[in-house]
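Letters A, B and C mark the chains as written, and numbering starts fresh at 1 in each.
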Amino acid sequence: MSVTAILGVDVSKSYRYDLVLSSISLKVARGECYTLLGANGSGKTTLLRLFATLLAPTAGTIEIEGHHSLTQKPEARAHLFFIGHASHLYDDLTAIENIRFALGMRGISVGPSEIKQAIDVMGMGPFGRYKTRHLSKGMQKRLAFAKALLARPRVLLLDEPYASLDEPGIETVNACLKDFLAQGAAVLMSSHDRAHAAAVTHRAGVLRQHLLQEISPSDLPRSYALF
Amino acid sequence: MRSFNLLYWILWKDILSEIRNRAALVSMLFFALNIILIFSVSFSMSDLEEMMPGLIWTAFGFTAVIGLSTSFVAETHNQCLEYYRLLPTPKGMIYLGKLCGNLLFIVIVGLALLPLFVLFLGLHVRQLSWLIAVVFLGALGLANLGTLFSALTVNLRAREVLFPLLLLPLSVPVFIGATEATAGILRGAPQAAYRHWLDLLGIFDLIFTLLSFWMFEWILDE
Amino acid sequence: MSGLILKLRRFEGVTGFLAFLLMTCGLYLGLVTSPPDFYQGEIVRIMYIHVPFAKTALLAYTLLFAGSLWYLWRRDPVVDNLCHAAAGISFFFTLIALITGAIWAKPAWGTWWSWDPKLTAFLILWMVEAGYLMLRTMIEDAEQRARYAAIVAIVGFVDLPIVYLAAEWWRTLHQPLSISTRGLSLSREMLTPLALMSIGLDVLLMYLLMIRTQMLYLEHLFAAKQGRLLAHRLRDRHEATDPNE
């Protein structure tokens, strides 16, 4: 019996005059990876931000590891880690210092050897000592995953994780995700890169016209026709 | 206590960033120098003695506003405020961390202002320790509401206009109290004469630091 | 609370009429029949406008403060509309109080402005309200706007007594009692129109609040309804076409 880590029931979101999502229901169990697909502007980022408790749904409920996203925010947030388009980095601090800050703020103290290990796993090489204003977007993405590795969250929310990464980078990320899943974390991600997502995902769904339609993972490479 | 974590890390990050790029301190110091220059050409030496407390606090006040209005700007560069929102702990400690950082920078500038006043405007310093105390109390009075409003206005279009518009009217008691206390100190008056002004500053600082600490939670999140 | 506020709509007409009645009587008694002051002469009549507007502006700001606290506690959008309405009305009333205060001060004290603690506090109040209203125009998200505005309103209200205190201490130090409103002794014939105007203006405040809050609430409803209508229309369209492709 699988435990539900991410739960969304009839989630709707609309801004003043625009409807973005209409009654979306979604369940992701522990150790499971779900990929969201959809055209640009279909609402993937909005849905991920709703699950990350950065937005409040207009209707419906969201639960992270059993904690309600509106009434039990601190507990829900303690379990999740969100990697979106923003890097959350301070330009004057080095990569290593940024990691120490990000984890320190979450109450996790990490030693230099652990940080070094995470940086090496993500293949950042000598860039750990560089100020982050000098890092390329791809390197910043690797840095974000290094933070996630050390934060060890139960729920990982990723908005286009493969964006800006080179081929070895994507392979490394997939290896990390498989590691996370093996330890019982749940992953909800959005991607345009269907081939690479297919390698790691268990389930997938397409966001189209404000609704979510589940598809089989074997359909992934062929889902070009769907939208 | 667990959440002192946040205070420590924010302070660490702000001090480290400031040491590395010195943007806030340098701009504040040069702004202060500019104001002092304008004062020294605008007033004759005989006027200055009487107006000294007002001039000190005008220079200090506007310099502090310059520094405070940008205190959260660095957090907007890579959406760092979003990361704060994602933290599971209560956000009040983030406010205190920012407040301590801002206070440190403003007090440094304030203490640098005094020798500049001695040099260019002929200030006769008396009872230096009490003067420093007033600088500290006044700085805290500006910084507590300043940090709150800085966070409030950081993402808005007309931040540079709205921030002083919100902060300065509300800081009037700080200016009145600080100017009168400074006047008393520089005159060499007995402590009893200006003690109530220090009390005013102290009460203002206490009330608004607590109020801002409480309300900061609502700026970052619902 | 929103239910209560909206139910009060019924009394709109009565409130408006009552305000009109009280103010007309007050103005007539004050401007026409009441005696001129011994020292200040006819100019004292401006008191019948200045003082009630000042008092009512303060009442409006108190409502704004209470509403802001309530909003942060209960997140009721109607209460936010009430706050917005109260701020706008208070802004104008404070402005009128300041202007009539200056018009009164010139012949009475010989100067357009004095740092009298009351006037200083009202000037600060006016600036805080200007900041509040400006802030409201700059935030697009309704929920965030309500929250941020509430914060500013609360901080401003807590500060007002401190501003008054500081100005009072400053005045006793630098401007001893030669300039003071306390020099006015009010006879019964002056007190009646003053009271009538004060109460009348308070009732007018209630009336204006009712109308304006309702207006703002309708705007809010309109936006919410649009979102929901779109959702319904989409569901209907989706059910009509077969989703299985």
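Keep in mind that, in the parts below, a contact is a pair of C-beta atoms (placed from the backbone, for glycine too) under 8 Å apart; a residue touches a chain by one contact, two chains touch by 3 or more.
In this text, all values refer to a predicted model and were calculated from it rather than measured experimentally.
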{"item": "Per-chain CA centroid nearest to the all-protein CA mean", "value": "B"}
{"item": "Per Cα centroids, the chain farthest from chain C", "value": "A"}
{"item": "Inter-chain centre distance, chain A versus chain C - centres from mean C-alpha coordinates, in Å", "value": "48"}
{"item": "Rounded Å distance between chain A and chain B, as computed from the means of their C-alpha atoms", "value": "40"}
{"item": "Interchain centroid distance [CA atoms averaged], chain B/chain C, Å", "value": "31"}
{"item": "Junction residues of chain B - those touching two or more other chains", "value": "222"}
{"item": "For chain C, residues contacting two or more additional chains", "value": "143"}
{"item": "Overlap residues in chain A, where contacts from two or more other chains coincide", "value": "56"}
{"item": "Of all residues in chain B, those that touch chain A in their complex", "value": "2, 5-6, 8-10, 12-13, 16-17, 20-21, 74, 77-80, 82-90, 221-222"}
{"item": "Chain B-facing residues of chain A, complex", "value": "52-54, 56, 73-75, 77-78, 80, 82, 84, 86-93, 97, 101-102, 104-107, 131"}
{"item": "Touch list for chain C against partner chain B, complex", "value": "72, 75, 120, 123-124, 127-128, 130-131, 134-135, 138-139, 143, 147-148, 150-152, 154-156, 158-159, 162-163, 165-167, 169-170, 173"}
{"item": "Touching residues (chain side chain B, partner chain C) in the complex", "value": "145, 148, 152-153, 156-158, 162, 165-166, 169-170, 172-173, 176-177, 180, 196-197, 200, 203-204, 207-208, 211-212, 215, 218-219, 222"}
